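You will see subunit A twice below: alongside subunit B first, and alongside subunit C after that.
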Partner chain A sequence: MVFLQQVINGLANGMGYVLIAMGLTLVFGVLRIVNFAHGEFYMLGAYATYYCLKVLGLGYVPSLLLATVLVAAAGIAANRFFFEPLKKEHEFTILLSSLGLALLMTNLAEAVFGADPKYMDTPYSDEMINLGDITVTQQRVGVILVASVLIAAVYWFIRYTRMGKMMQATAQEPAGAALTGINTRFVHAYTFALACALAALAGALVGPTAMLFPTVGDWAVLKGFIVVVMGGLGSVTGALFGGLILGVAESLGGGYISMGFKDAIGYAIIIVVLLWRPNGLFNPPPMRK
Partner chain B sequence: MITSKRHWVKTLLCATLALGTAGAWAQAKPPVRIAAINPLSGAGAFDGQLALEGMQAMVAIINANGGVLGGRQLQLVTYDDKGSPEEGVSAAKRAIEQDKVDLIVGGWFSAVALGQKEVTRDKIIHMVTSAQHPKVTEEGHNLLFRLNATSTMMSDRYARFICENIKPKSVAFITINDDYGRLEVDNYRKLLSACNIEVKGNEFYNRTDTDFSTALTKLRSQSPDAIYVSAINTSQGATIYRQLRQSGHRGTIIASAGNMNPKLVELSGPALEGVYSISLFSPESQRPMSRRWIEQYGKMFKNEPSFIGSLGAQAVEVLAGAIEKAGDPRAYDKISAAIRGQRWNTLLGDVNFSDKGQAMQSIYLVQVKDKKIIAVNN
Partner chain C sequence: MTSQPSRNWAWGLALLGALLAPLVVGNDFILHMMTLWAIYSLLALSLNIIIGYLGELSFGHAAFFGIGAYTSALLVMNLGLPVWWGPVLAGVVAGLFGLVIGFVALRIVGPQFAILTLGFGAILQTITNYWVDVTRGPMGISQIPAFRIDSLGLDFALAQNMYFLALGFLVLGIYACRALEKSRTGRAYVAVRENPELAQSIGIDTFRTKWMAFTVATAMAGVGGSLYGHYLRVITPELMSLTYMSALVIMVIVGGKGTTLGPIVGALVYIVLLEWLRAVGSWRMVVFAALLIGCVLFLPGGLVSLWQRLLQRRGRS
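Let's look at the complex of A and B:
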């Protein structure tokens, strides 16, 4: 029973990781940007939901949707005024700049929202679902369900819609895509907005399971990167399996070995994966030139 | 030529010196500068803010009374240690070497205080506020002081209460994975086993964790009567208390010593109702300085005055008194002797310091009732 409970704990955490990692991997795949500020969009999503609930007095679901739209807009702005002007720079410059953006956003958040922790009280966060000896909050079940639907939707979107195909084309060969008439600037903005929306949703869904403070993004981006490196940068399937593997491995490792090693487990998996498949679990090995 | 050059240099030197003194004269009473090193970002940010606010309220009271040494104002220079020993050490170095502050108040987390005390050793007066690890003062130095009770002092007092009043049959711990947490578990294992309370187990968590369901699932499977939660920062604490109730634990919860504040009560909601802790600060104390500080705090800040804040305030209060006695904020040996030399009547009550610089003051039992922290009379 404890085993099953730990697996469920792990799946709930893992689904959160997947949502975060999905955005990271999309932005890397299409824009070739390693975005260290991604966790900050998670943080913004959580805060936006909190304020919609508290200040505007909206319900949880409308708050979540409004927050997602707001953060997606913030993502478009970040792309337009921050990443687009840097497009021609070396990728390390972009990487470091994104780190700068992350610090800027965290400190702004601390100034605007305050350093005091906040709690996002949703109707589902303290309601329990009991199945025999297993107890899960409705919020966590919600994370698993909503994330599953979202992941399927994103997968379908990339695979079958016109926009998704344009994203794939831009990811494979930006110049070629542009030559066939794809507005790659628009595709970039679209991808960035989608990634930020996913991060915001993750914040709104996972946020109520813990306290909210301005540096929660650090945690989010760290987990996101572990997942993305494990699954393969740029691979959506990789993000899905990477996230679930990490979540379950952490909770089983924490539960059966020691909680003190919980963080070490993620890094250990990364080392093994990188030694065995340097491109990640779900990316094809690089072609020989 | 050479002589004349030398002459010029001399004249210039004299002129600069003269100007310097004149400048000092013009600005008759320079402030006494106190470094306030607290975690202002990261998971401990809120607690650091509470400590800093407590200090600021006390500084305002003292300055309104005319400052120290016949009109010198107190000035706080703030630093962020981010809750990490490395940052804490570098902040202390900056305070001493670059900013040349007169005194240091810092070391909110034990790990930070342990690092910092090596930097401040024999260089500057260093007042540690809330760190509880005994080693901070155990191997301390002449200029180092600590206000909070050590975790050993706390656990002796608390264990007696747990054995005599709460009386659980068995207990399990969830503690932070650092020096402080490890020490806590060792202490309570011994103390509680001694009065026949079965210790079922312990789980460590890390300072950056935001999800505790794994650890709590494990603890719950051992079905202890009571769970002892050692959570030193408010945001992690509130998450643990909520997730603990969500995990299905219906038994007693015992909160670690000194880690109860109004914000924690607000954030944890019903999960914290009835939970015990011990503290040096009793919010309904009628001591004049305590009332005055609570009033000043209320005027300046929107948070409620907390134990952590009161420790910050006590640090400023004792330092100001000692500077007054010593006659100079830089006469460190005199200040150190002054702090040790007497019983101080402060906002938290009477306090005196041991030879090693450890404060001795009364510890109250507190409990959360109807969302308020109240002292338990016994």
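Let's look at the complex of A and C:
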């Protein structure tokens, strides 16, 4: 039963990782950007939800939606000012620019929101659900359910909508996509906004299960990187399985080995994965030269 | 391009200036800052070998700095070795870690390499943080013995003495980097950076070349860590954190990657701004981040390239 309890907790964490990693992998797939600042949008989402709850006094669901919209808008701005000017540059430069953006956002957050940890309590964070011997908070169940729906929606969106197909085309061959009349700039902005919205939702959903502080974005992006590298950069399916594997592995490792080393487990996994299959477990599209 | 002899002259003059500076300064606090500058310069130079010469972005470099600091402090304190063994052993141990990690990580290039080195760095930091029996955990190690020469009565806990020691190590570092730049090996690095396939086709073993450079860079960072630990006499796992990693990257990029002078200028800018902006608290790092972004977007060659731009403009008019 302890085992099952750990697995359920792991799945709830894993779902959060999946939401973070999906954005990261979409941005890499479509824009070819490894966005070090991705975790900061998670952080922004969590803080925006917190302030909507505390300051504006909105309910949890409206707060979550408002936060998502705000962060998506911030994402569009970030893409416009930090990544679009570097479109033609080496990936090295883009990675550095995103590192700069990450530092900027973390420290601005610290200056504006304060460094003290905040705790966001939602109506669901203290309510327990008992399933036999397993006890889960409603918040965690909510994370699993909402994230599952979101993941399904993203899949459907990419596969069946016009915009999703345009994103696929841009990911496969930007020049070709542009030739067929796709406005790739718009597709890029759209993808970035979608990725940031997913990160913000993750922040709003997972935020209430832990303390909130300005450097939480570092944590989020590190987890996202692990998942994305495990599953393969650019692969959405990889992000899904990678996130769940990481969540469960951490939870079991934390329960049976040591809580302290929990955070190192993910890195141990990616080191093995990268040595064995450098392009990740879920065959991403072949790496661009 | 300035000719070789005049460049050597410039370096010699700079060294003379650095040696005489304490006579003019005479202020302990400024000497302390200058000592830190020399140590940070050494660290930035070591990261520059990876960023500037190899053209790969390592996000785990602070871990090797930390390994050096911990190795040196622990060996000297627990085994009772003479403190002067510290930097040597720190270099060797950090280099060994670099040898193993480089062997694994260098199989991968580009963003994945950056992520992988970030991962190794994070694992090393986690271990340092939680292996409390040995590393004393998050509280860190304090009361680390300073370098000293008893027969001469020299105590290197004092900035006025440590400055010269740190400067000595920095000069060695600069010399090594300059020699590397001019040697066959150094040119092989550049060839591998610019075009790995072409380099391979003329018989350069790309992997071994990179592996060696990575090991040298990590060993150098280890020596820097040792100096830092025995000077400040307190170290914590924080040394391996993203904060220090970003600081080193900022020094190299803002100063100018791929040059010997760049990282030294970058370290100066970092130290001066860090002190100057102390009053503004959290906004300090915002300024550093803005500086990094500004350089990436508008000044890819870093601050040292301003000088060249200026010379070119003058040459044209």
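The rule we apply is simple: the second predicted complex is superposed on the first by the 283 of 289 C-alpha atoms of A that agree within 3 Å, B and C clash if a C-alpha of one lies under 4 Å from a C-alpha of the other, contacts with A are read in each partner's own complex, and residues count from 1 in each chain.
In the analysis below, a residue touches a chain if its C-beta (ideal position, glycine included) is under 8 Å from a C-beta of that chain, and two chains touch if they have at least 3 such contacts.
No experiment lies behind these values; they were computed from the predicted model shown.
Undergrad: Put the two structures on top of each other at subunit A: do subunit B and subunit C fit, or clash?
TA: Once both complexes are aligned on subunit A, subunit B and subunit C clash.
Undergrad: Once the structures are superposed on A, label A:Phe82 by its partner contacts, choosing first (subunit B), second (subunit C), both or neither.
TA: In the superposition, A:Phe82 contacts subunit C only.
Undergrad: What is the contact status of A:Gln5 with respect to subunit B (first) and subunit C (second): first, second, both, or neither?
TA: first
Undergrad: Is A:Leu99 touching anything from subunit B or subunit C once the two structures are fitted on A? First, second, both or neither.
TA: The answer is second: A:Leu99 touches subunit C but not subunit B.
Undergrad: Let me test your reading of the model: by the given contact rule, A:Ser258 touches which partner, first (subunit B), second (subunit C), both or neither?
TA: In the superposition, A:Ser258 contacts both subunit B and subunit C.
Undergrad: Tell me which partner A:Ala115 touches in the superposition: subunit B (first), subunit C (second), both or neither.
TA: Both: A:Ala115 reaches subunit B and subunit C.
Undergrad: Identify the partner contact of A:Val34: answer first if only subunit B is touched, second if only subunit C is, both if each is, neither if none is.
TA: Only subunit C is touched by A:Val34; subunit B is not.
Undergrad: With both complexes superposed on chain A, which partner does A:Val149 reach: first (subunit B), second (subunit C), both or neither?
TA: A:Val149 sits against neither subunit B nor subunit C.
Undergrad: Which partner chains sit in contact with A:Tyr267 here, subunit B, subunit C, both or neither? Use first/second/both/neither.
TA: Touch partner of A:Tyr267: subunit C, not subunit B.
Undergrad: So, A:Val55: does it touch subunit B (first), subunit C (second), both, or neither?
TA: In the superposition, A:Val55 touches no partner, neither subunit B nor subunit C.
Undergrad: Based on the superposition described at the top, state which of 63-71, 99-107, 135-143 or 189-197 belonging to subunit C clashes with subunit B.
TA: Stretch clashing with the third chain: 135-143.
Undergrad: For subunit A, give the residues common to its interface with subunit B and its interface with subunit C.
TA: Residues 106-107, 110, 115, 218, 258, 260, 263, which sit in both footprints.
Undergrad: So in the complex, the part of subunit B that touches subunit A is made up of which residues?
TA: For this pair, the touching residues of subunit B are 40-43, 45-46, 48-49, 177, 203-206, 208-211, 213-215, 217-218, 221, 234-236, 238-239, 242-243, 245-248, 263, 267, 269-270, 303.
Undergrad: Okay, in this complex, where on subunit A does subunit B touch?
TA: Those residues of subunit A that touch subunit B are 1-2, 5-6, 9-10, 12-13, 106-107, 110, 115-119, 121, 125-126, 128, 130, 135, 137, 209-211, 213-216, 218-219, 250-251, 254-255, 258-260, 262-263.
Undergrad: Which of the residues in subunit C come into contact with subunit A in the complex?
TA: Its residues touching subunit A are 55, 57, 59, 104, 107-108, 110-112, 114-116, 118-120, 122-123, 126-127, 129-130, 242, 246, 249, 253, 281-286, 288-290, 292-293, 296-297, 300.
Undergrad: Would you tell me which residues of subunit A are touching subunit C in their complex?
TA: Contact set of subunit A toward subunit C: 34, 82, 85-86, 91-93, 95-97, 99-101, 103-104, 106-108, 110-111, 115, 218, 222, 225-226, 229, 233, 258, 260-261, 263-264, 266-268, 270-271, 274-275, 278.
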